[in-house]
Amino acid sequence: MEFILFLERKNVNQLDRRQILVAGALGALVQGGNVWAAQPAGAAFRIGALNPITGSGANFGSGMQKAILFSAEEVNAAGGAAGRKLEVFAEDDQTSPTAAVLAAKKLLEVNKVQAILGTWASGVSLAVLPMTNTADAILMHTSGAVALADPKINAKKMAYRYQGSSKHLSRAFATAAKKEGLTRPAVMAQNNPALAPHAEGFRKAWIADGGKLTDFVLYEPNRPSYRSELQQVLRSRPDGIILSAYVPDATAIVREWAQLGTPMKWIIPGFGANVDFIKGVTPEVAEGIVVVESVVNEKSGAYARFAQQFALSMKQAPESNVYAAMCYDMVQVLALAIEAAGPGADTVAIAAKIHAVTTGAGTPVDSFAAGKKLLAQKKAVNYVGASSTIDFDDENDVDPTFAAFTIRGGKWQRSYPISG
Amino acid sequence: MEAYLLAIAITALVYVLLTLGLNFQYGFTGLINFGYVGFFALGAYASAICTVRLGWPAWTGFAIGIVVPALLAWPIGRVALRLRDDYLAIVTLGFSEIVRLVIVSEKDLTNGNQGIAGVPKLFAGVAGPGYADGVLAAVLVLAVVLVALLMRAIVKSPYGRLIQAIRDDETALLALGKDPARFKTQVLMLGAAIAGFAGSFYAHYIGFVTPEQFVPIVTFQVWMAMIMGGVGRLRGAVVGAFMLLVILEGSRVARDIVPGVSEVAMSSARLAVIGLALILFIRFRPQGLLGIKRD
Amino acid sequence: MDLLWFDYANLALNGLAEGLMIALPALAVTLVFGVARFPNAAVGDFVSLGCFGALAAHRATGGSIAASLAGGAAAGALGSWLGWKLAFQPLMRRHGLALLLTSIGLGFVLRAFMGLSFGHEIQLFDVPLMKALRFGPLLVNPIDAMVACFSLVCMGIVFGLLRFTSAGRTMRAIACDMDLARVVGIDSRAAMGRMWVLSGVICGVAGLALGLKTQVSPEAGADLLLPAFAAAVIGGLGNPLGAVLGAICLGVMQELSTPFVGFTYKIALSYVVMLLVLLWRPQGLFNRVQGVR
């Protein structure tokens, strides 16, 4: 992995952003004032899209950034929020806290963004959160680290997590394991800041329910072979293996297992067992593998719009990038909150509305456009998104609904829901 | 805008410290250390553990962050003396990877791959959060100046002349009855201490440390800065570190000029530029790289 | 968990397979060192080139392993020879550090080129998954067996070349003493060129092995670099047999250590062993003592 201090920029509009930025920067220098005072109505709301375009999150980052961009275009096409258009400044955080700090500094200080959306790696979110706190900016991320919900760290409560945190995903694993009838499972997890906690959480939940694990293996990524790790786990004779991995190592491990021929029940999270995984291990081998994934809201109009736009712009299957769906929702939610807070609201007031427009008693809406109409009539709304129903708990974490799928004939087939 | 430039300046200053330390190790003794990032990591983690895990004041982290790398440099020094350059390069590379793997494994101490978050910003209590970064930058400049003065003092002292003599002709030195081994080790330890010092600043600035931030490519970046600025010259460290950042930031300006490039392609292009810079500098402007070494 | 003898044996077999795969780049490193006097950090990226070359040949011929061998070898040889001509030859009279740093830079450039040309997605060889071969309680992965065959055959050919052909003899001569060899009339430049090509071919074969065993990506080969260095250093830089034996020993020992040190520390083991071996014998296990500096 590289930690090269490098920042990139991408613009949405056709205008020469650079000239405007330079003028703005000069203006800010001259003014030197507090930019987060209430904005005059009509001033654009600036969003920083800080995503892992390169680095270990690169598989997801481009899709996430595109999702933010076309979600913002949708909002602008519907007339903007509270009379303000959304303006997106895109940067690459390189999946590195060092690079992310510089990129976030640039977004906050030079581009004067009022919200940063789409940080993926826990390290990146943890490094950026103190900065958004200082700047009174909103942060919406998809990172799993439990520390992000820590009241000491999310001190201003202006950070929002759109992915089920480790505690949710691991409980989902535990439920699935029980439903599958496992009594002596083992766990294999990549020794990675996101994946290891899922496994640890599962172990806690499983043991708290009185269960036992036969083995718990943390393995390093990028190894030429996982034969030894797999053999150790198999030696303990588990009746199922929970595998917390991304596609490359999941593919490698399951292929190794296929060659050994020991019958085994596998439970793998959705981001590890996607279409590339199935292709890599072959559909025959993948037959019967159980996949646990937060339910992408397929019935939701938001998902339909997201999927269509995503497939068009990324030329990839929309279900391969659940984080992009989360990013799409981030913009819609933010726009609804801006609309609800009314013209001239500052970011703190807008943040205060986020729970109101997503959680609780309100008419369900699945798009900014629909919500805007209802808000104009002074009605409460509850946004139901593409990635989940977007209901935040007290720690600003979404409480997603999970479901278990079984791979049959090379495809995921929904088996049963798992209440979050 | 100034806050952003300040951020770049702070990062550059941390690299300047690193380059100074490496300059000291290689430029004055010819010891090839490809594991420099290991010392950087030790300093950063010392500060993080002391302030976050143990709740001690920041200066304890700095103190431990200076002493521990120096102590670990001692056995490397002893080993280095018996090895050829090339072997040493590889061994030190292995050393920095061992440091990283230990950090990953010893979860009770370092929280493993998840890293340690919440390392407090320096001077936030003194200067208020808005000005903390400015004070930090000023202190870093002070630190750089102090380290540079220290090194100049050493270089000009009889001890320093001894070190230069080692670099130039070891056999003669041995004939005079002086043992170059001890001095080389001491220089190595000092260079390691400087890296640890830089690491502490880094941890407090970023606020978050993980093993992933301390990988071999950081060592190579420091080497590049040293080569570009000129080995063996103290001024070179400053010039080299800032040049490194120019190279790395320059690609962003390039993207403004060439808008059609995708971000992912840019990351490959970035890597290519670094590789080419390394190749071309060594070939056409080694400037002190080979002036010191015997062929 | 109590381990029985065959568990250890299986671990040892895994280690042997890994060691045989590392043996190839280790051999390439040591060959270059013997003749050009620097450790070539671009070897990992030559291996990646070999991966892609083999993959392309495999797809083009609908799955022929022989074609993949040729494709990988060709890609590795081309990369290595170009690197020699463009980057290393102009620097031949310089100190080893300059060449080492240049090889690092060359590695970056190659990786960037592969990233731009082929993208960063993981690609796989389309070979059918075969069941492991069982010999009682011992398990052997058929891919591992294939990789082992390639390695052994490749090594055999290289050793044969070095020992029995005139080209090999000239290579050994320039490795021993370049100026003396020239005095005797050996065309050192041509011999050097041949050595680079040979090193590249070895990397290419390693690329096919790596691609079959794991996955193909621009970064795949670079992960082998440090273990290859460690193996070559332990065996004694410049000593081909040493590099191979070093790789095998390291691989076996690494896997056997797993029950005791765990999966993360086993990686550190190679470096620790390297350090210990060098402390005991600074020239490497199989080398004679040369001037230390």
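Each chain gets a letter, A, B and C, in the order it is written, and its residues are counted from 1.
One rule holds in what follows: contacts are C-beta pairs under 8 Å (C-beta built on N, C-alpha and C of every residue); 3 or more make two chains touch, one makes a residue touch a chain.
As the structure is a computational prediction, the values presented were derived from the model and not from experiment.
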Winner on C-beta contact pairs when A-C is weighed against B-C: B-C
Relative to subunit B, chain with the most remote C-alpha centre: A
Averaged-CA centre spacing for the pair subunit B and subunit A, given as whole angstrom: 35
Chain centre separation (subunit A, subunit C; CA means) in Å: 40
Centre distance in Å when subunit B and subunit C are each reduced to the mean of their C-alpha atoms: 30
Multi-chain contact sites of subunit B, meaning residues that touch two or more partners: 104, 264, 267, 270-271, 274
Residues within subunit C bordering two or more other chains: 120, 264, 267
Numbers and ranges of subunit A residues touching at least 2 other chains: 58, 191
Residues of subunit C that touch subunit A when the two form their complex: 1, 3, 7, 10-11, 14, 17-18, 21, 120-122, 124, 129-132, 139, 141-143, 210, 213-215, 219, 223-224, 255, 258-259, 263-264, 267
Residues of subunit C that touch subunit B when the two form their complex: 33, 38-39, 87, 90-91, 93-98, 100-102, 104-113, 115-116, 119-120, 226, 229-230, 233, 237, 262, 264-265, 267-268, 270-272, 274-275, 278-279, 282, 284, 292-293
Residue ranges of subunit B in contact with subunit C within the complex: 32, 79, 82-87, 89-91, 93-95, 97-98, 101-102, 104-105, 170, 220, 223, 227, 264-265, 267-272, 274-279, 282-283, 286, 289-290, 293-295
Touching residues (chain side subunit A, partner subunit C) in the complex: 58-59, 191, 215, 217-220, 222, 224-225, 227-229, 231-232, 235-236, 247-248, 251-252, 255-256, 258-261, 276, 280-282, 285
Partner subunit B, residues of subunit A touching it in the complex: 1-10, 18, 25-26, 28-29, 53-54, 58, 62, 92, 94, 96-98, 101-102, 105-106, 108-110, 122-123, 126-127, 130, 134, 145, 147, 152-153, 191-193, 196-197
